[in-house]
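Got a structure for you, written out below as structure tokens; questions coming shortly.
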Amino acid sequence: MISLIDTLSWVCLAAGGLFAAIGGLGLLRMPDFFTRMHAASLIDTMGAGLILLGLLLQAGFGLVAMKLLMLAGLIFLSSPTSTHALAKAALAKGIEPLLAKREDRSSKP
Amino acid sequence: MDGLLNFNPTQALWLAVVLPALAAVAISLLGRRPNLREAVTLVTAVLVLLQVVGLLPLVLQGHRPTLDLFEVLPGLNMKFVLEPLGMVFALVASSLWVVSSIYSIGYMRGNREARQTRFYVCFALAIGSALGIAFAGNFFTLFVFYEILTLITFPLVTHHGTRKAKAGGRVYLGVLLFSSIVLLLPALIWTWALAGSTDFVVGGLLRDKLEGPAVLGMLALCAFGVGKAALMPMHRWLPAAMVAPTPVSALLHAVAVVKAGVFTVVKLVVYLFGFDLLRDSSAAAALVAAAAFTLVAASVVAIGADNLKRRLAYSTISQLAYVVLAVALIAPFSVIGAVLHLVAHAFGKITLFFAAGAIYTAAHKTEVSQLDGIGRQMPMTMTAFAIGALSMIGLPPAMGLVSKWFILQGAMASEQWLAVAALVISTLLGAAYLLPIVYRAFFRAPVDGQGEEAPWPMLIAMGLSAGATVLLFLMPDLALQLAKLVVG
Amino acid sequence: MREDLILRVVAKLLIPFLVVFALYVQFHGDFGPGGGFQAGTILAAAVVFYALIFGLDAARRQVPERLVEVMMAAGVLIFAGVGVASLLLGGQYLDYDLLSHDPIHGQHRGIFWVELGVAVTVAGVMLKIFYMFADRGRLDEE
Amino acid sequence: MSPDSLLGQWVSHFSYFITVFLMMAGLYIVIARGNLIKKLVGLSIFQTSVYLLYVAPSKLLNGTAPILSPQYQQYSNPLPHVLILTAIVVGVATLALGLALVVRIREAYGSIDEDEILEAEEERRRVSEDR
Amino acid sequence: MLRAIGLFIVLLVFWLLLSGLYTPFLIGAGVGTALFATWFGRRLSVVDPEGQPFQLGWRIFVYWLWLAGEVAKSSLTVARIVLHPKLPISPSLVRFKASQSTDLGRVIHANSITLTPGTLSIHCNAEEFLVHGLTREGAEGCVNSAMDRWVSRCEQGR
Amino acid sequence: MFAVAAIALLVTLSLAIARAWLGPTVFDRLQAANSCGTVATLLLAVFGFLDGRPEFLDLALVYGLLNVIGTIAVLKYFRKADLGDSGVTDTGSEER
Amino acid sequence: MSLLDKVAEHLPILPVVLPLLAAPLTVLLRQRTLAFLLTMLVVLVSLICSVWLLVRVGELGVISYAIGGWPPPIGIEYRADALNALVMVLVNLIASLVLPYSQSSIREEISYGQHYLYYTMLLLCIAGLNGICMTGDAFNLFVFLEISSLSTYVLIALGRDRRALVAAYQYLIMGTIGATFIVIGVGFLYLMTGTLNLADMAGRLGEAADLRPVLAALAFLTVGVSLKLALFPLHQWLPNAYAFAPSPVSAFLAATATKVAVYVLLRIYFSVFGDARVFEQLPMRELMLLLALAGMFVASAVAIYQADLKRLFAYSSVAQIGYIVLGIAFATVNGLTASIVHLINHGVTKGAIFMLLGGVALRAGGVQMSDLRGLASRMPITSFAMVLAGLSLIGVPGTAGFISKWYLVLAAIETGQWWLVFAILLSSLLAVIYVWRFVEVAYLSGPRRNEQIRGEAPLGYLLPSLAMLSLALWFGWQTEWTVVPAKAAAEWLLSAGP
């Protein structure tokens, strides 16, 4: 039973780390500010969520778990807020989002 | 004369140094009232002279009044000791202060000089520090007053405040501070490091503490470190300082500064090194050579100088080298000669400068070539000049003869033929650069009509100093007695 | 930014929790040093957050500048005062043992007051700096 | 050695490199940037790198401050927390003061660029000399 | 006042969860702290239906679970895009009017959009939402979405 | 296993720093900094477990809180050069 | 146990705690006169305490004081020894002279609302400096260093000229880099020894087998401290900081801040690492000698060409720091005595100079050389005092500067390094040149009355300045208070190493 929780936790941690890293990669790869924000989103949501979940599973039920939950709550509340503020500010400061043309039907996988 | 003002000897020592300083304060406070200001100057000068003279019998009797002031570092203290050599210098300085004060009053008023108060203040302080040098009981005290003298005479040199004066002042300060800080100070510190004290000791403080090349090193530090002795190449300040008013030049050349320089050299040789130490090393010979070179070279330059004060300046350099040479010979006679020459040159040179200043004041002439026939306009001035010149060359009836005689005796006795040759040559050269002036003044026709004599205070001063030169030729006993005490 | 609704709502939501969190850190700090600083920072952050969203003037009305200065000073006084108290009680500086009959209790008490002092000062300093900045920016605009 | 502790060591080395990298980067920014705020940012990075040096789990600092652990009755070595925390306080204070200065510099010069400020001073000096 | 009491209770619970030490002193401190925070909140006028949305009711928790699923789904999509060699994006902006009637509702809606990878809300107010999408499909998916309905239902406390 | 997560986070951190370095706009840097903040918060939590010091969670919470406030403050400063503005005139597009 | 005995026990902590306690009080008081009175009181008490402490150290040897009653090395230890007690006396002495000066000068130089801030920051700075002196804990030392530095930045920025802001900023950058280097060094040492207690560290370093981290620590600490003490070529922050700060700040900083940094260097070199390690295993002596000489000559040469007197004397400070470091490089009793004596002597001399310059700036509207023609006729006392202080800077006998130079030359002669003797003395000739530039401007230029200059500085300026100056002269004659304790400190340092 313990090993199941451990395995689950490790999977979460690994997956969370993976998502975070992909987000980081996206930060580098994406072509403009707004698209990069989407990549950053990965870190804040799946990355943070899974890693905290993994830790939560390790912590078991208790105060440490409560704190992890609080941390998660904080991140899920603050991250969209600052993302929104950033995007709004950038647009207001005249950063034009790169937009796909209507005709350009990007090849969908 | 003992206890003239009812002070004990040590208090008198102290007072002699402090009185000029007090006078300086009084003078600066009396700046708005010239008569009172100058009266204070004169009265103080006389008082100081009396103090010094009052101490003379004690010294002659073999007493060495001592005043320990305070200790700065262990073995490094401010200390006054009055011994014969210092007595000689103190007598010269204090008596010439009286004379030059009288002269200054005439000169400063006659030329309507600016900043007269500052002038008298610095003048008084300069004498005070010269007396401090004279009474210094150790190297450190000597060094302190030596530096004070440098600094306090700086405003005098740059008195006019012109660009040229400032440039002259820079050279003056530059050379004197360079030599004393870079060379003399290490000598002082080295001495302290070696001996744990800097006290002047009969027979030499460093007698057993130095040997080999270190002696030469220390001697070089001392001889060149005393820039005021103007041993070449430390002589540059003297001609540069010619920009100063004439009484200042007189002060520099005769009363305080250069005298302090050669006095320091003599004192260091006698009481720091001691004859034994120098005799045992080759250092003295090197100093003789350096002095001989300066002696001759300066005389040669003097011949070529048309500016009267410049010529006198180089003459001074040459004459100072006499003293250094004499003491470097380490023969008893020559050392006596050195002490006597210190006196002789003081009175002779001050007479010459007084005359030069008188000529400038009365006739506004500064160049030798302008002096044709001036002896007819200013007979008294030029007579005094002639007496001074004779003393410089070493001809009767002036004291220069006496001192040079002793020096020559010493040189011959110690078989230093290089020195003998230098003495002879420079005497001839001396005649060559001084006598033509006298000749021009009296035997050439004046160029421009008639002029008049200098103001009477200047004449009195010149008369006194020229008279003293002659008097000392006739009665050199006192000076000789003191000089013999130095040799022991 | 008051009428940016997202920021406004989030701020309203967070601020009370920030205050509680600050005091939590403060009160649990005496089991280990350092709580005071964090507490002070968080408390100040709460006010800064408020000022960022609702404006400096509103913040100044509720937390006046004079109060901030008094906080700065009072905090240091509390901090150093504990030390002096231990001196007066005959011990070494900051010797908490003397603050109570029981040394352990004395240490708790001492650390508690020191941390309180730290918290108050830090909050004060942070706010002072913030006000200073915000003010400067304002002058700049005029 | 368990894989976890091996990895842990690797992590500690990695963070050591990050420390050095941050240190260099911070210093570079301080030196190379003309913008006064950027310089301060560089300075903060430089300072932060030092905290990393202290916290890097290289057993540089061990012992724990038992905020959450009631089992501690006596105090463990509280040093690491104090040190880092203090350094952070100092860093924050420095940064704040620096920023305050920059704000005032901007008021006084109308610029926060080092070169422009120097130029302004040079200009003023020239003017005063001409006068 | 009721809202303040509610806030007080929430804060006290928050404290107790944080603390984990239940000595009389610390519980007392917790009560004091919660009181202080409530008082301070009222002083700053942040105690209102926007700050303490008790009116939302239990449904909000269900919504969060649903949202977590949405986030996971779109995370995979975005991750695939990031890793795809050709970076198949088609960034787009869409404007639409959301169905919420209160600011709080709009905030929840906008933040949910932003929280979902692939979309982010730039403006939101009563008239209009402006949303940026990483792909056109993603952006257009925000218009009249299930999320919109969920939030509106929560908003009305149903 | 915590180490794996930690490494992944460190990699993410490096990537974010690279983005902060590259810019090009100030908003890119801010975005990167914000991501760094999130990653650092997570790192603190993970390190806490890695080292057996769960009290790092408190630090993580503090960090997370300050991160968001900091971002908003900096944003506001860049937009208006004024932290104290009440936002009454803040309509976004008219300033430049 | 009488009350006095009780106070005596706490002497190491009082000069640190009292200013630290008074600083917030000045904020609460706010009113300038009250703030001044409080500050003055505290500084005087600190001065008395530090003198008393120095005397006690002389009687009892090193005095250890455990903060919080925790014995070292667990708790933070304060340690008073012959050196740091002396430096602390200097700090408080200078402060007690600068304070009365401040009371009149900040009225002119700092806007009214910031007066209390001035006193607060000054108190913090004093607390920091005293703390640096007393603490025996490496990290605590860093903290106090930063307390003093941060307050210093504020003090400099209070200057009226806008360039003061830039100067403070630059100092902040450089100072923080220095401080960070110090933290790194301390971190290495902690890593090596597991202790932060300096004395303990010294003992454990002696056993350290691996030399590389020790050397790294030494390098970081040296660079960090050198930045703080403005060792050439890390001095760039100093000239502007001194030039544009309010005059009491310039005076206080010039007299204390770099001096305390020198103390830190001495402490690190001699009592933590040990002179053997520093000077025998590394080319530290050569390096320091080189930097010291470069500083002495280059900074003096730069000083000569300054048109602004405050900058001139600021560069002169860099040069004088060269002398101090040179003394350290000898690592002999006389060399260290020279350093420590010069630390005091230069402190009071520069303090006096900057205080006098404050008066000049007030009356002449600035300290640009070109505006000061004929200064001596309008401000005779100030000008003369400046000359005297300048002489001390040169090292003329009868001034404090002479004594320092004496020991420096003595150390060079002792070690047979004659070229150094001449180098030291030649560089002091450069001081003659820059001092003489002032003399020429003040005394020898412009015979006319300079109407731009509005007469002698007010007594509030003049008296404290002259008091400071008289110290600079007094220490030239009476060396019992400088050389004797300095020598004791030097001997202690050389025996203190591991």
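Should a chain be cited, it is by its letter among A, B, C, D, E, F and G, assigned in written order, with residues numbered from 1 in that chain.
To be clear about the criterion, contacts are C-beta pairs under 8 Å (C-beta built on N, C-alpha and C of every residue); 3 or more make two chains touch, one makes a residue touch a chain.
The chain list, named the UniProt way, goes like this: A = Monovalent cation/H(+) antiporter subunit G; B, G = Monovalent cation/H+ antiporter subunit D family protein; C = Na(+)/H(+) antiporter subunit B; D = Cation:proton antiporter subunit C; F = PH regulation protein F.
Since this is a predicted model, take the numbers as computed values, not measurements.
Looking at chain B and chain G, not one chain touches each of them. Shared contact partners of chain A and chain B, listed by label: none present.
In terms of C-beta pairs in contact, the better-connected of the chain pairs C-D and C-E is C-E.
Of all chains, the one whose Cα centroid sits at the greatest distance from that of chain E is B. Each chain gets one centre point, the mean of its Cα atoms, and the points for chain D and chain F (PH regulation protein F) are 16 Å apart.
In terms of their C-alpha centroids, the spacing between chain E and chain F (PH regulation protein F) amounts to 19 Å.
Taking each chain's centre as the average of its CA atoms, chain D and chain G sit 27 Å apart. Centres computed as Cα averages put chain A at a distance of 53 Å from chain G. Among the residues of chain G, none is in touch with two or more other chains.
Within chain F (PH regulation protein F), residues 1-2, 4, 6-7, 13-14, 54, 58, 61, 65, 72 each touch two or more of the remaining chains. Looking at chain C, one finds that residues 4, 6-7, 10, 13-14, 21, 28, 38, 41, 54, 58, 133, 137, 140 touch two or more other chains. Residues of chain A touching chain F (PH regulation protein F) in their complex: 9-10, 13-14, 16-18, 20-21, 23-25, 27-28, 33, 36-37, 40, 43-44, 47-48, 51-52, 54-55, 58-59, 64, 67-68, 70-71, 74-75, 78-79, 81-83, 85-86, 88-95.
The touching residues of chain C, when paired with chain E in their complex, are 5-6, 8-13, 15-17, 19-21, 23-24, 27-28, 50, 54, 58, 62. Taken in their complex, chain G has these residues touching chain D: 139, 142-143, 146, 150, 153-154, 157, 162-163, 165-166, 168-169, 172-173, 176-177, 179-180, 183-184, 187, 190-191, 196.
Only residues 1-4, 6-7, 10, 13-14, 21, 47, 50-51, 53-55, 58 of chain F (PH regulation protein F) touch chain D when the two sit together in their complex.
Chain contact summary for the complex, chain D toward chain G: residues 27, 30, 36, 39-40, 43, 46-47, 50, 53-54, 60-61, 79, 83, 86-87, 90, 93-94, 97-98, 101-102, 104-105, 108-109, 117, 121.
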